[in-house]
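As C-alpha cells, the structure follows; a few thoughts come after it.
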Amino acid sequence: MIMEDNNLAEDKMEEECGIFGVYSKEVRDDIMGLGYYGLFALQHRGQESAGLTVSNMGVLETIKGMGLVSEVFTDKDLTENKGNALIGHVRYSTTGSSSLMNAQPLGGYFMLGQFAIAHNGNLVNTATLRRQLESESAVFQTTTDTELILNLLSRYSRNGIKSMIVNTMKTIKGSFALVMLIGDKLIGVRDPNGIRPLCLGKINGGTYVLASETCALDTVDAKFIRDIEPGEIVIIDSDGVDSIKYEKNSSKAPCSFEYIYFARPDTKIDGIDVYSVRHQTGKYLYRQNPIEADVVIGVPDSGIPAAIGYSEESKIPYGIGLVKNKYIGRTFISPSQELREKSVKVKLNAIKKVVEGKRVVVIDDSLVRGTTSKKLVKMLREAGAKEVHFRSASPVVKNECYFGIDIATKKELIGSKMSLEEIREKIDADSLDYLTLENLKLTLGGTNFCMGCFTGNYPITDMENKSLEDEDADL
Amino acid sequence: MIMEDNNLAEDKMEEECGIFGVYSKEVRDDIMGLGYYGLFALQHRGQESAGLTVSNMGVLETIKGMGLVSEVFTDKDLTENKGNALIGHVRYSTTGSSSLMNAQPLGGYFMLGQFAIAHNGNLVNTATLRRQLESESAVFQTTTDTELILNLLSRYSRNGIKSMIVNTMKTIKGSFALVMLIGDKLIGVRDPNGIRPLCLGKINGGTYVLASETCALDTVDAKFIRDIEPGEIVIIDSDGVDSIKYEKNSSKAPCSFEYIYFARPDTKIDGIDVYSVRHQTGKYLYRQNPIEADVVIGVPDSGIPAAIGYSEESKIPYGIGLVKNKYIGRTFISPSQELREKSVKVKLNAIKKVVEGKRVVVIDDSLVRGTTSKKLVKMLREAGAKEVHFRSASPVVKNECYFGIDIATKKELIGSKMSLEEIREKIDADSLDYLTLENLKLTLGGTNFCMGCFTGNYPITDMENKSLEDEDADL
Amino acid sequence: MIMEDNNLAEDKMEEECGIFGVYSKEVRDDIMGLGYYGLFALQHRGQESAGLTVSNMGVLETIKGMGLVSEVFTDKDLTENKGNALIGHVRYSTTGSSSLMNAQPLGGYFMLGQFAIAHNGNLVNTATLRRQLESESAVFQTTTDTELILNLLSRYSRNGIKSMIVNTMKTIKGSFALVMLIGDKLIGVRDPNGIRPLCLGKINGGTYVLASETCALDTVDAKFIRDIEPGEIVIIDSDGVDSIKYEKNSSKAPCSFEYIYFARPDTKIDGIDVYSVRHQTGKYLYRQNPIEADVVIGVPDSGIPAAIGYSEESKIPYGIGLVKNKYIGRTFISPSQELREKSVKVKLNAIKKVVEGKRVVVIDDSLVRGTTSKKLVKMLREAGAKEVHFRSASPVVKNECYFGIDIATKKELIGSKMSLEEIREKIDADSLDYLTLENLKLTLGGTNFCMGCFTGNYPITDMENKSLEDEDADL
Amino acid sequence: MIMEDNNLAEDKMEEECGIFGVYSKEVRDDIMGLGYYGLFALQHRGQESAGLTVSNMGVLETIKGMGLVSEVFTDKDLTENKGNALIGHVRYSTTGSSSLMNAQPLGGYFMLGQFAIAHNGNLVNTATLRRQLESESAVFQTTTDTELILNLLSRYSRNGIKSMIVNTMKTIKGSFALVMLIGDKLIGVRDPNGIRPLCLGKINGGTYVLASETCALDTVDAKFIRDIEPGEIVIIDSDGVDSIKYEKNSSKAPCSFEYIYFARPDTKIDGIDVYSVRHQTGKYLYRQNPIEADVVIGVPDSGIPAAIGYSEESKIPYGIGLVKNKYIGRTFISPSQELREKSVKVKLNAIKKVVEGKRVVVIDDSLVRGTTSKKLVKMLREAGAKEVHFRSASPVVKNECYFGIDIATKKELIGSKMSLEEIREKIDADSLDYLTLENLKLTLGGTNFCMGCFTGNYPITDMENKSLEDEDADL
C-alpha cells in the first residue's frame, strides 16, 4: 500500500548511494553539522537510510538509522559529537528486515584500531571474495559487499596502511567510490574506471572534504579542488593529501546516467557541468528531429533543463505544463487500487492554461519502463493538448546495470523488447523520439563513459553473473 | 535549532489552512482515500497538522494529528473508515503545547446530533463573541475562533439547519471559508467578501467535492462546477446542492496574495488562472522597466512563472539559475549559528554555468522582510554574476493582514519603513523593481480584490484590533 | 492478541480512576513532581491514561496521554511547568479511537476564567443532564460524564464559586470523587454517599494535598489530615481550607470493594486500614469453616494478606505457593490461541516445593468469573498438591455495579447463576467457600458500606438504567 | 534524571543475562511464541534488551531491540516467523550509544552457513583472545566477548561441528552458559565450573528446550529433564541430544548468588530449590542469633521467603510490613534531587498497622552498599516501629565478581570497609546480623559453589584483571 519515494520515477533507473567525508587537523565542534549538511545535499542519491561516523582522533562513533537525513539525526547527535574526521552515507531504498543492519557507514575494530567505510557502487566479484574470506575464518554479520572490504583491509593490514589499501583495492572488482576512516585518517578511493563519482574540496582554514557531488561541497562552503581520478587513492591526514595511483592501465568510464538523471543539476562531475549536459540534450533532440509545436514542457524535475534547451533551439515557447506535488515522500499511502490507478494526478498535475488547444512537446530525461509516460500523455490530452510529442533526453535503455543501479530485470525495460513505433503506440504519443547515442556522446563531449545500459558494452568484462544477495534470494 | 519548513520562504507571507469536503448519497468505502488525496493536494497551504472527519450517515469519526498528511494517517485509518460525507483540514504551523488541541476538524455533539467544522481564515470579532457566549454558559476547550462557530451553531439550532447556519454566518465577521458536517450533510460557506477561496466539483457518479483550490478537485478526478460565491452557503445532502445567499450587499474581495504566492500554479480561483497571473506579472515587470541582461532566472518555486513571462517579453533567455533542495522539511536541523548563517546554500544553490559572467535578472514572487533576497544576491554574485537585477512580482507589502495571513508585525515589513533605493542598497542588487499596483490590477483583470497588505484599505472596516490569541499572549 | 494488563485479574472487578490534587499559596517549582509521584502511587487504580493540569496562579496547562504515568510525562514536562495548584488523574483501560479525547483532567475556559476537573466514579443521570444542557445550547466534544460537570459549573457560574459548585453537585447523581482547579483554587468533592474515596493531607510548610488514597499522601511526604466527608466540598485557596456540607441527609456508603481489592494495602480509607481488613477476612474464613491442611497460600497480590490471617488463625503454615511475573504489562502479547490456553503460567507459576504432596488452602480476594480460579487449581494439582481448598476473601458477587466498576454484565458473574457446589465443581476444587456477608460486615466494623454487588441493594435508588456510553453503543 | 529499573535494588548485585533455546525436528508455527514466553519468564535476569533468532532449517532471522520483552516484539514478529529452532536472550542494563549493537543474539555468516549465539556470563581472557584473533585478520563490530566466540568458532570450523565447538570452549575462560544455533542445530554449553546455570527440558511431542532457569520451562509447559553439566556441550538436532564432556577435571562451582537473589523463587538450579534455600536462610538467621520481637517482615521481593522462614523458626508472627509499587519501571523519572531524596516511598511504603508500636525484624536478601537499608530503617521508624532489627539473608559481600555480576568497585561494598557495628550504626538499626558463611553452606547443602564475592576465593585463578570494555574505558 505504501508507494515508494521515487514512485513518480517508476520510469527511472535508481541510484544506490551518496558518500561524504571531512578531515581536519584539529577537532571541530561542528563536524557533525558539516556531515549533516553534506549528506543533506546528497539526499537525492538515497532516501532509505543515513549515517555518520565521526573520528575523535581515532575513536570512532557511528550514528545511523532508517529514513531521511532530517529524520535520522537529532539535534543532540549533531551538537554533542565532536571530532577531526568524519564519513557519511545515504542509501537508496531496499527492502527486508535486515535494513538497519545494512545501513552505512559500516565500522569495526581490527589490528590497527577502529575503522569505518561508506560505499557507493557495486562489486562484481563478491561471491568469490566471500568464499575465500570465509575459508580464512572470517565471520560476516551482513550480506553487503561493504563488509567484504572491511575484512580485506584487515587481511592486508600487516604492512602498513598504504599497502593495506592498495592491496584491497586491487582485489575488489566493480564500481566503487569509497570514503573510509582508519583511525584519525580520511581515505577516498575511486574504482579503476571511475564509474561512480568522487571529488575533493577544501573549506577555508584547511578542512578537506570528499563528496559524491560538488553540490555537497557548496553546501558546506568548500571550494572544489579536483575530482578523484579513476584508480586513485587519497589518504588525508595531518601531513595533507597523499595520492596513490593503484591502477594505471584502466580506461576512464564514468557512468553517463549520472549526467542524465542521478546527479543534481548544480553539480559538475569530471569537469562536465550536469545542467549544461541536460540543456544540450534538448537542443540536440530538436535538431535531430525538428517538428512544429506551440509549447515545450519538461517532466519535473530532471526533464526541465532539456525542455529549456529544446525551446531555445526551436524557438517554440517554453512553459510549465506539469506541476509536481513536492510533499510526495517515502510514506505516501495509496489507499486503494482504484484510487491508485486514477491518481498519477496526486503527484503530477497539468496546467491547463499552458497546454489547452496546443501542440505540446514534452521532454523527460529517460523512458525506462514506459508506465509513467503513458499516464503523462493521457493527462496532457485530458488537459486539452491537441498533439503530444514525447521526447526522451537519453537513448533507449536496453540493458541491465551491474554497477549499482537498480533496474530490476532486462524484461522490464520497454526499450529492450519494443520498437520505437510500438512504444509510441503504447504510450499513445503523436510522435516519439529518443536522443541518439551519437548525440549523447556529443553532449558529453567524448566516448569515455560507461554507456552499458544503452549499448551492452561495459568497462568491466569478467563480472560474476549475480550479486551475492541475488544468490541468497535464489535459495 | 529547528528551522521552519518554509524557512526558505522567510521573505514570504504565510497561509493558514486548506479545507476539503466530500458528499455522496451512498456510503463510499474509499471516502477516506478521497479525503487523503484532497488534503495532499492542499498540503502547501498548511504543514503543521492534518485531520479528516468522516460521517457514516450521521455518526462522525475524526482522525487528526501533528505533521504532514502523509505522516498523520495510517493505512488502517484510510481503509477501515467508511462513510457518505467527509471534511478535511490542513493547518499552517503555529507553536505551543496546545497544538493538537487546535488541530482541525473540530467536532462535537449538540442538540441535532454530531457536527464538525474545518475553517480557513480568521474572524475579527472573536473577543466580543467569546464574551457573549461565555455569559450564556458556554464552555470552551480551545482558544480557536472555530470553536466559537460550533457554539454559535448550537445557539441558533432551534429553528432548523438553514436558520442555524444563516444566523451563525451573519454573526461572525472576518475571512472564512468553511466546510462543515452536520449529521450526514456537507455544508460549505464563504465569507461575504469571499476573501478565502472555496470551489465546488463533482466526481463521475454524483459525489460532490468542496475544496480550497481546484488542484484538489483534479487529484480526485472531480470536474470543476463553480466557485462558491462570496456570502453563499451551500448545503449538500440527498436532495442535491441547495444554495443560500445570506449576504447580498457585500463587495467581492478575494485575497490577491492567493494568486501571487499561496495557491498552486495549477489552480484557478474565481475564474482566474493562477499560473497565467504569475506569468503575466513577469511580462508587466519587463514592460514597466525594460533593462538589458543576459539571463532571466526565477526563485523557486513561485518566482519561476514570472521569470518565464519576463523572458518571453524581453527576449532575454530564461535559465534555471537556482536549485532548491526538495528534501527541506519541517524537521530540518540547523546545528549551529555559524553553519546556519553560511548555509542558505543548504536550501538553494546557484548553477554557476547559468549565471557566470552574466547580467542576471532574478525574479521572486514578493519581498516581505528582505533577508533572503540579500542572501540570494550574494549567492549569485559568488557564482559569478556580473550584475544582479532583482524584481518582485508583486507590489510593496506595507501593511499587516487581519484575514488569516501570518505577517508578524508591521515593523518587520521592509516595505513599510524603507524606500526603494534603501531596499536595493540593503539587498545589494544592481537594480530593484516591484510590480506596480496598477499592473497587478491589470494582471488580475480588475479591482475587486483584497489588496490590504499593499494599500492599507481592507474590505472589512470594523475589525477588533487583535485576535483572542494575541490577547492571551499579552497577559 | 494483546492481553489486558490485569489479565491475571480476569476474575476481578476493575476500577475506573485515581485522582490527586495539590494546593500551595506560592508557586512551587516542583509541583509537577509532586503530581507525578502522587499519580504514580495511584497507578494501580488506572493504567490507560494519565494527566496533570497545573495552575500557575490561574493560568492552566494540561499534559496528558495514553499509557502509564512513567510513559506519559517527560522529564521536561515535570521540570518546566511551575504552579501553585495542580490536579491529576489516572484512568482505567477502555477501548476505542476516542481514548485520548476521554483522558483527564478535562479543562476549559468559561466566564470565570480557566478550570479543569478530574473525576473518579460514574454519574447515573447523564442522559437527562445531557439532553437538558444541549437544549440550552451546550456543545460537547466527548461522551464523558465529566464534560457534563464542566458545563453545569458554567451554567451555575453567575452567583460566585460556592453557589456554582453547590448547585452543580446537587444536580448530578451517582458516585463521584472530584478534584477541580477553578482559576488558582483547588476544590475537592465527594458524593453524598461517599462511594469513592478522597482524603486530605498536608506537606510540611503548608501545601495541601487531596488524593484517592492515603498511600499517595505518603509518597509526597504529606501528613494525613482527614477523609473528605460524604456530601462535602472543600475549597482550598490562600484563605486555607473551607468546607461546605452540600448534602446533609444522605447515608454514608463507601464502596466495600475498595477494601477487598482496589485500594493499596498501605492505604487507610474512612479510618479503616485496608491491610487489616484483608488480614481479618482470612481469620474469619478459617473460623467460619475450619479445615485441616498442610499449607496456606495466597493468590498475589491481594489474596496474600488474607492467607497470612488464615495461617495465624488456623496455625497452618503460610507459604509462597504462587509467584507472579512482575513484568506482565499492558502490551503483553499472546501469540496464539493454543499458547494462550496453556499459559496462565506466563503470569503465575506454582512453587512445587511449597505445595508438593500437601493439602493446600489457596485464598483469592474474590471470584468474579471463575476462569482464572479453575486454571489456578489445575496448576496447583500439576505441581503436586494433594488437595486444593479454594477460599474467596469476599462474598459471592451477584450483581452489577453502577458506580464506576467495570463488570461487563450480570450473566458473566459466576455467582449470579451457579450454586456454591456448581462453582466448586467447575473450578475443580476439593472444597470452596466464600466469606459470608455477615463476616464481611464484621471485618469492616459496620454496615455503612455499599455492598450492592453482593446484595443488590444500592445507596442510590433512582439510577437511569444505563450510562450514556452504553446507550451510544446500542445505536 | 532517569532512575534505573532496579533502583529499589541499589543495594543489590546485578545479573547480566538470561538465555533460552528451542529445538524441534519439524518447523513450528509457534516457535517465536515459545521463545517470547521463555524470555518473558527470564525477564528478571535482564531488562535492557531482548532478542530472538529463529532458524528455519538453517536460514536464520534475528529480531532484537532495546527494552522489555513485551516492548521489543510485535504481534507480527511472533506470528510471521516460523522455524525449527530458536535462541533468545535478555540483557541487563548497560549504558552507551552502542547498546543496540551489543544486544544479543549475535549472529553471522561463516564457512558452514549461518550461526548465532546468546551468552550469559563473562569471559576473563578476552584481551588475549582479541589480540590473537585480530592478528589473524578478524574484524570486530562490537566490544562484546560474545563476538570473540563467533570468531573462534569460525577459526575452528575446518574439522566439523563437534571439533569446532570443543576447541572453542577449551579456548575461552570465564563463566559462560551459551545457547547457539549453527544452521538448524541447537547447541547448549556450560562452562567448566558451571558458574552460570543452564537446564534442559522437553515439551510433549519431542521439542527440546534449554533455559537459564526451570521457571522458563514451566512457562512453555516443558518438563524438566536435567541440568547441563559443568564442562558439557549438548548438540540437539534431528538425531536427538548428543552430549560431549569437553572438560572433565574442573570442579563444580555454580554461583551462590543465583540462589540468594538472581533466580526466581520457583526455579530449581542443579537440583536445589531456590525458594527452599531462601526459606532456610531465614531459619538459620534466627538460630544463629535469636532475639525477641513482635513481627518479622521481608523486603520485597527476595527477602520475603527468608522472613517467612524466620517467622516459622522463631514463632514471631510474619507480616507484610513493606509494599512495593509494582509499576516502577525503566523509565521512571525522578523530577528533582529533593523529591528523589525524600521519596524512597515512591517505590516502597510501610504498612503502619503492621509495624506501629512493634519490635520489628526486617530481612533483606543481602546488603551490598547499605544506602537503601538506611532508608528502610528510617521508614519503619517513621511508621512507628519501636525497634528495628536488620538481617541480611546472605554473608557480608566483600569482593568483586568477575563472572558477569555488576558490582561497580570494591570500594562501594560497604562490607569491604566497615565492621558489623559500623554498618549497624550507619543504617541506624537496633541490631544487625548477616547469615554466616557456614550457615550459607548448610542451606546450600555443600561447598561446591562460587562464593568469591564473600570469600575472595574464585574457581578460576588466572583471570586477566579487567574486561576489554574496562580497558577501552581507560583509553
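Letters A, B, C and D mark the chains in the order given here, with residues in each chain numbered from 1 onward.
Operating definition for what follows: a residue touches a chain if its C-beta (ideal position, glycine included) is under 8 Å from a C-beta of that chain, and two chains touch if they have at least 3 such contacts.
In UniProt terms the chains read A, B, C, D = Amidophosphoribosyltransferase.
Since this is a predicted model, take the numbers as computed values, not measurements.
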{"item": "Fewest hops from chain A to chain C - one hop per pair of touching chains", "value": "2"}
{"item": "Neighbouring chains shared between chain C and chain D, ordered by label", "value": "none"}
{"item": "Averaged-CA centre spacing for the pair chain B and chain A, given as whole angstrom", "value": "36"}
{"item": "Gap in Å, rounded to a whole number, between the CA centres of chain D and chain B", "value": "61"}
{"item": "Distance from the mean Cα position of chain D to that of chain A, given in whole angstrom", "value": "49"}
{"item": "Multi-partner residues of chain A (at least 2 other chains)", "value": "none"}
{"item": "All touching chain pairs, where touch follows the definition stated at the start", "value": "A-B, A-D, B-C, C-D"}
{"item": "For the chain D and chain C complex, residues of the former touching the latter", "value": "1-2, 29-30, 32-34, 36-37, 40-41, 43-44, 47, 68-71, 73-75, 78-79, 215, 218-221, 264-266, 268, 273, 275-276, 301, 304-305, 308, 312, 317-320, 323, 325-329, 331-333, 335-336, 338-339, 342-343, 345-346, 349-354"}
{"item": "Interfacial residue positions of chain C with respect to chain B in the complex", "value": "59, 61, 63, 97, 106-111, 134-141, 143, 150-151, 153-155, 157, 475"}
